[in-house]
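Shared chain: chain A. Partners: chain B in the first complex, chain C in the second.
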Partner chain A sequence: MKPRSPNIQNYRPQLTSVLSIANRITALISTVALVAFVAWLVAAASSPSAYGALYAAAVSPIGRALLVIATFAFFLHLCGGIRHLFWDALVGFELRSIYASGWVALAASIVLTAAAWLVGRHL
Partner chain B sequence: MSLRVPESRVPTPSIAARARGLGSAGRGTGAWRAERVTAVALVPLTLWLVASLVALGGADRAVFLAWLGRPLRALLVILLLIAAFRHTALGLQVVIEDYVHSAAKIPLLIATHLLCFAICVAGVLATLSIALAR
Partner chain C sequence: MIIHSSTQVSRFTLLRRFPLPRGFGVLRESRIERGRHWPAPAGAKRTKTFEIYRYDPESGRNPRLDTFEVDLDDCGPMVLDALIWIKSKVDSSLTFRRSCREGVCGSCAMTLDGTNWLACTRFITEMAGRASVYPLANFPVIKDLVPDQTHALAQYSMIEPWLKASEPPPQQHERLQSVADRKQLDGYYECILCFCCTSGCPSHWWNGDRFLGPAVLLQAWRWLADSRDDAKGARLDALEDPFRLYRCHTILNCTRTCPKGLNPGKAIAEIKRMMLERTL
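And then the complex of A and B:
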């Protein structure tokens, strides 16, 4: 079989490549979160017992952990998506800018996730 | 060796017309563009939704129904669902086209688009039933 490019086994991870595949992985996690949001809407529209079951699942330790992961995944995909929109407009498409915006996207996702959960917990 | 394209190989207008819409005959960028347009819409919509859900915290059903029962919020949620599921379907299509090279590719693409559409309609219906019941 012909070797494929890039050869993942021999490829040194860099911020650019890691954020590139992260954009896809976070897209898939966000998809699951979006479907869960629809389940939440349908449960709310259906009955108190359906809402209660989803509510219990959401506030369980595993549920909360998954929601934190989903929040981070959403913010990283959002920040990554904004980078892509700028690149599509040929803005910030030089290696230096790509690295700078990459670190900003990563930092912003961490800060926004922490903010969402710290603010949310007090309400 | 002649560099002239044989007369029979020259695409006639009818062939060009048949290719239009099937490939990149002027419309190949449609899906690519739709993914970007929905992304632009989703930046404010998703930020608004996440901020709202954070503010709602662990809301019980009555609080959540009262929140979604307002017309503007229901409208924004419906717009978000339409943009998000279109964006999701187009994104998943690219992922499938990149990684699935077996006979499962076309059935997977069809299932992805139909499922995204169905779940989107379910969410819109639920939102409408909540908003109109208020």
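And then the complex of A and C:
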């Protein structure tokens, strides 16, 4: 049997491939976060003690870090999805646009995450 | 960093490769072993190190990574010149395909510093400190830098890449086409089938047995876009499949790596739109 030349073990990560795999990973994180969101609703509906325990876990340093990651994952997936919507309409296929929209999606999701947390703290 | 054209070599790369073990998902016969070091000839002043993938089917041994010191003062400016220099001056058994040495034939497509390009149109000065040269990513290897293209070419023949007209050609002249119709083929007819894009496509890495890959799909679009072709319906029927066409997830490594500056990703999106439009 012929050997196979290495693919992902040797191919250079590029904005194109990194954002593509990021879109999948963020979808996975968002799905898990959705389960946590349902758990939050169930706890709120069941009893004050259950809600208190979940709230304590959510505002703990690890809980906050996970929530920030989940928020960022949500926004990155949203921006990536909008980028795909443009491509489906055959807009933005020049290499320059592919890279520009990629960096914009990344920057926008960082800004949106920060904005969501800032607004959330003042509510 | 914004990439304006596929000719641009990335200057700033956070990671040279994905943070995975070298042996991640690699079958035993494909594991790469340490090879030997070939020093520069005595008296060489300016040298450059090339790490080159070697595989000898007759040795019964695994592929290995040899390092060669190339004398830049004795060698032409392109990576292909370095390979030819090694073959004629250092190790005559180094095997690779080459023909036109001007980016027209597509024979010397290989993975250079982790991205696919033609060895004849990449300057040695554009290569990393330790230049790495592998056969086209994810292709079976016949020997050293020679990939086995049997499967890729079989996929190409699957799309029946020839003109299918319902009427015989006119007696007096060839089949004519308006300037505007001819323009629809620009950016697609230039493909030289080097398979740089297909080899760089992660979707084709994981599902290459059924997904046709960017090179073949760009060719498919080249015939779908041809005003003289009358087989659009049959061509679309052959592509309407969860794997053949729709395993493209618009990663766009293809457009990033095309040595001819073409846009396979856009061609595939055009096919998807045509597929949708015929159902409306």
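Definition applied: the second predicted complex is superposed on the first by the 115 of 123 C-alpha atoms of A that agree within 3 Å, B and C clash if a C-alpha of one lies under 4 Å from a C-alpha of the other, contacts with A are read in each partner's own complex, and residues count from 1 in each chain.
What we mean here is this: a residue touches a chain if its C-beta (ideal position, glycine included) is under 8 Å from a C-beta of that chain, and two chains touch if they have at least 3 such contacts.
Computed from a predicted structure; not experimentally measured.
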Inquiry  = In the superposed model built on chain A, check whether chain B and chain C fit or clash.
reply    = fit
Query = Between chain B (first) and chain C (second), which, if any, makes contact with A:Gly120: first, second, both or neither?
reply = first
Task = Mind working out whether A:Ile82 is in touch with chain B, chain C, both or neither, as first, second, both or neither?
result = first
Query = When the two structures are overlaid on chain A, which partner does A:Phe74 contact: first (chain B), second (chain C), both, or neither?
reply = first
Request  = Kindly classify A:Arg12 by the partners it touches after superposition: chain B alone (first), chain C alone (second), both, or neither?
outcome  = second
Inquiry  = Taking the superposition on A as described, I'd like to know which of chain B and chain C A:Ser20 touches: first, second, both or neither.
reply    = second
Query = Does chain B (first) or chain C (second) touch A:Phe37, or do both, or does neither?
reply = first
Request  = Would you please give the vertex angle at the Cα centre of chain A, with arms pointing to the Cα centres of chain B and chain C, as a multiple of 10°?
outcome  = 90
Query = What is the contact status of A:Ala100 with respect to chain B (first) and chain C (second): first, second, both, or neither?
reply = second
Key: Smallest separation of CA atoms, chain C relative to chain B, angstrom   = 6
Key: Where chain A meets both chain C and chain B, residue numbers   = 84, 88
Task = Provide the residue numbers of chain A that touch chain B in the complex, in ascending order.
result = 24, 27-28, 30-31, 34-35, 37-38, 41-42, 44-46, 48, 51-52, 55, 58-59, 71, 74, 78, 81-82, 84-85, 88, 116, 119-121, 123
Note = Note: in the complex, chain C contacts chain A through residues 1-6, 10, 13-18, 20, 22-27, 29-30, 32, 53, 55, 57, 62-63, 111, 113-115, 132, 134-142, 147-148, 200, 202, 205, 249-253, 255-256, 263, 265-266, 269-270, 272-273
Key: Residue ranges of chain A touching chain C (in the complex, touch as defined)   = 1-17, 20-21, 84, 87-88, 90, 93-96, 98-100, 103
Key: Contacting residues of chain B [partner chain A, same complex]   = 36, 39-40, 42-43, 46-47, 50, 54-58, 60-61, 64-65, 68, 77, 81, 84-85, 88, 91-92, 95, 119-120, 122-123, 125-127, 129-130
